[in-house]
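The two complexes that follow have chain A in common; it is paired with chain B in the first and with chain C in the second.
Then we have the complex of A and B:
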């Protein structure tokens, strides 16, 4: 038993950047989108770390990183990501904007995964983030799974344990800060990861060198993906800058009294 | 106007959660024929409660009472086919959020999630994790919409006779649902219905003015407020991440408490941030917190810059000692 783990991961603007919407020829976009520093989508990055961890523990397994993004920006992001875990890159050239159509992205990703030479679909684990930090919809991965005919799907995954019989015990986030525990008979399955439990792996120049042998050719042959967007009526930043009342040099007891009254609604 | 199917999962007693009643009201607000699709639970009981909202179709049976992709997707797909709906709405529960994108794919439709407002002209949702708000519409059908709570007021109607049509669905899932567990120390600290969100930041674990950290006392003070105020406990990423780095941390916190960019975006009428700097990746998770207050030693922290209504420049240890006494 070994797995072929395809991790779908886009790139998103670094969360510390200020974002401003503008209208572009293909619909809404971000101001200076190509100039904003980008990172691998955070929840998808957790999925990648979990995939790598699983592949190390199940000999013969292989990790594919499947990414649809402007290839020049993807290359920049991979300069650091490629040093963290070993993977084979499957790249598609196209927009990484949150305003694009999730169904189109799913169609392109599913076709790219189907075309991976030697992929064993019966042992496929389709990983990704349960939501991106761009569209933040949590819809793409499920559609990729459906296109690949995978009917066992999990979202908001924080833990995966493989049993001796190949069964998969999965913890998914549900309401009220709890986890649902499910046992799936085995691959194929879709796992949309939340935070998981692994820290960000340290950079390893050796892993980076090894990855770069496949990353550069994959980027060179990245096919353009057909990704559209639907019609937007309005796109805007929130208007809710608050007027902050700053309370200073007041004894703690008085602050506590004011907060207590506020909590009690008086 | 298209026929609208509202998907709901009643519980074993037939009760429909508030978010489900809001979805019914939102559907009626659009003006088309409304059909209710029930999956699992006690359909007869639920039909008595919501039958006045429209024709009721139901997929019943043990396999469908559990929250699981294979069975929920098969049931929803059958209900969409039976209803011939052009618009399919559901509350954004973890259960519907897990399966409806796949169902949209099966039905050749489109899906939009995290809908915060809905009107005949278009729907509204946030992009880039609550940073940019957009309103749009679509031509493709069926159009699936996952509604956030608060997108409409709850539907109200008189109880009725509970008539419903049973839809037969076959399913052979390869997944068994074992149950639900709470992480960490077992106490439930995430409470979606709470009036107050109490956020703890990494400052609680930092060296204080006496030169020492007081993590144990911090834990007691935080839990004290969570218990006495009935608050939901949120956290910054820095604080929950500390546990991964082997530092002394608060045992009752996990990533499920994390609010922000890579955490949750909870909905509460009030929020109180303590020892949290109020950086943008954290504060995007406060988008739906109405009244916001913060306690921080730093008068120039993020909260001071239009992110909170009130910032108390004060020592959170001292304030929370007193607040615990006042609320006890």
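Then we have the complex of A and C:
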């Protein structure tokens, strides 16, 4: 038994950047988004680390990173991500912003996954974030799964155990800080990850150089994805805003108290 | 008349990111290097920054926390970046540029961390550059973190306790003698060496040490490898109480060890019962330092550029949160950026950082190009029987006219020996220039950066660790040869005619650039280069008021300022060249293309600012040297009219008496000044150049005003990406 794990991951602006919504020619956008440094969507990044961990423990498994993002930005992000875990890249060129329609993104991703040469759909585990840091709607992965005909779907996953019989035991986040334990017979399945339990792997330029052999050709081949322009009736900033404050030598409890007071007060 | 100054059209949208730097410094297509940068950055802005923020620099001792960085370097591929693939490295070919990028990233946060990582390379460098095959294979393998869980660490030991080796590397007191030499066996050597300020010594497992012969059966000096397990004394000494770079380990060690003669770096021959090392210590050191010094220069460059973001944030946010400062008000939105001086000084820090980075990376790339050519040259000379030493020197010397002819004809010669001569002559200037200017002038500009942060700047809590970066720069200006050493080297290498022929071409090239991009002030730079060249030729032939030659090695008052002036020119030129690269390639990159116009205008303005400052510096230095060694005429000497003389001349040349100035009256009185004004006979060309140069500075202050608008408008992140 081995898995073909397809990890769907977009890219988002580095969270430290100042994000300012603006109206662009194609509708709402973030100011200077193309020029801001980007990172792999953090939820999806957790999924990628979990995928790599699983693939290492189940011989013969393979990890594909499937990404729809502006090619030039994705390349920069991969200069870091390719160093962390081994994968094969499937790239689609297109906007990765929070303002695209998730149904369009899902169909583009599903089509790209279907087209992966040699992909064994019966052994497919579709990984990704349970939501994205860009849109935070939590809708894309479910739709990719549906389009690929995968009905075993789990969201908010924090742990996956493979049983001796190939069954998958999955911990999903539910209300109140609790987890729901489910068992399914095996692949194919969709797992939308929350944070999982693995730390971010350190960079290894050696791993990076190995990945680059497939990453660059995949980027060159990346086809433009059809993600539609949609009309937004209105877009607004969240009412509650807080400016970033850097503090030093403040205990965590104190930080928590201050944030709670701020939430209560507003 | 139309002017070349452009109207304002676009400003910088975001701080220049990796994609911009990759174009400027020419590694857009080097994924190995881009990954190295990201990997080193995660160590620098993670564990290194956390250590600095937690006060780990506040002790001189080598602590377990500091030592933990070595493991971080190993895990992130920083240590193995200098190794060839067979020893677990992952970067093909020469590694000067790779190491430069790595040091740049580390120093962005902490110079000491950069030094700790580089000192290991420095220890291995003598073995890498001049070691025998066996030595190289043995030590490279043992030092590889890819091949060993506990790799060996090295230290490089040249400097000795006073009064021995410091700037003058010839005054070695460390000695090597023969301990035992059994018939038919390898000689055993006894090595006595005391080190001063030896980096990595708190933990090094081996040391590459410079020693002189203390035995008539050993010829000259050499470098030897000492290991901690060798019989005898391997005393690490106590920690140096240095006020800077505290994340690196420095001590004054003492060695008294017995080692086999096979530890002589580069091997030896036995001639008439005497051990003759294949390389003396100077030859080894020269090969090492000419590469590693560039990297040090880039450390200071990184620190200058790293100061920009925290300063912008401090200035912009300075008054936010005050009761009377409301969002939307100028005081709230712009803070200190309302004040022109704040903008202008930050631009000077920024322009210096860019020029320093441009110069340093150009030098590093030059050595990457030179390395394979050097190997080819060595092989070719050996095949011609010219070997090394004087015969090699003579063989190369003969080719100099061909090299100069090729340069003048703008032709790349087919003969690799001539290509080597050309590149080598430039490398011999670029290396000391990057070390000298980046660290020396860089330290001055870092002081400006600190002062722009007010009282906060001088505290440990200052975002971006500016005060540490400033003081650290003083060490960067000192170790691996302080400024005097770099100036001394430049004063020789910059007069090499092969270099000067290239320099002459560069003047023309800058004029062409100026034709297409006048706002770079490349024309001012070209004129300043012309003036420098004129001054050099003049000084090489001129004598001072006492009839002494001006341009000679003991006359450091002449040669050293000329070296400084050249550094200003080279760094400003390199910034212009890199900006031209951005002009050519920027639009091809989708993320750079989006804000391209503002980016290009901003870099163009930085070029103009730097070229203007350079022209000012060069003009001042050249004028001081050209006129400063002449004695001012006084009222007793020639050059002034006597009143009686004028009265008698009046009958021959009517009106002369009323026109003449500098007149000595009959009673001995004269106009209130030092003497008759200096005449410029013989200096007409210089005078013309000087006034032309002053005129060429036209527009550079306008560039500052324009670039200042970018500082006000540019979007910056909400917080620094490393702790403070």
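As a working rule, the second predicted complex is superposed on the first by the 236 of 266 C-alpha atoms of A that agree within 3 Å, B and C clash if a C-alpha of one lies under 4 Å from a C-alpha of the other, contacts with A are read in each partner's own complex, and residues count from 1 in each chain.
Heads up, the rule we're going with is that contacts are C-beta pairs under 8 Å (C-beta built on N, C-alpha and C of every residue); 3 or more make two chains touch, one makes a residue touch a chain.
Remember, predicted model here, so these are calculated numbers, not experimental data.
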item	value
First (chain B), second (chain C), both or neither touched by A:230	first
Which of chain B and chain C A:146 touches, first, second, both or neither	first
Which of chain B and chain C A:1 touches, first, second, both or neither	neither
First, second, both or neither for A:115, with chain B first and chain C second	neither
Touching partner for A:155 - first (chain B), second (chain C), both, neither	first
Touched partner set for A:246, first chain B, second chain C, both or neither	both
Touching partner for A:22 - first (chain B), second (chain C), both, neither	neither
Doubly contacted chain A residues - partners chain C and chain B	16, 18, 243-244, 246, 248
Complex contact set, residues of chain A against chain B	12-13, 15-16, 18-19, 21, 28, 30, 42-43, 98-99, 101-103, 106, 133-143, 145-147, 151-156, 158, 171-186, 194-195, 199, 230-238, 241-250, 252-253, 255-260, 262-263
Of all residues in chain B, those that touch chain A in their complex	67-70, 73, 93-95, 97-99, 101-102, 104-106, 110-114, 121-122, 125-140, 173-183, 188-192, 195-196, 229, 244-245, 254-258, 261-262, 270, 272, 279-281, 287, 291-293, 295, 299, 303-315, 318-323, 325-327
For the chain C and chain A complex, residues of the former touching the latter	13-14, 17-19, 31-32, 34-39, 42, 53, 75-77, 80-81, 90, 146, 461, 463, 589-592, 594-595, 715-721, 723-724
Touching residues on chain A, where the partner in the complex is chain C	14, 16-18, 20, 31-32, 34-37, 70-73, 76, 79-80, 82-83, 202-206, 208-209, 212, 216, 243-244, 246, 248
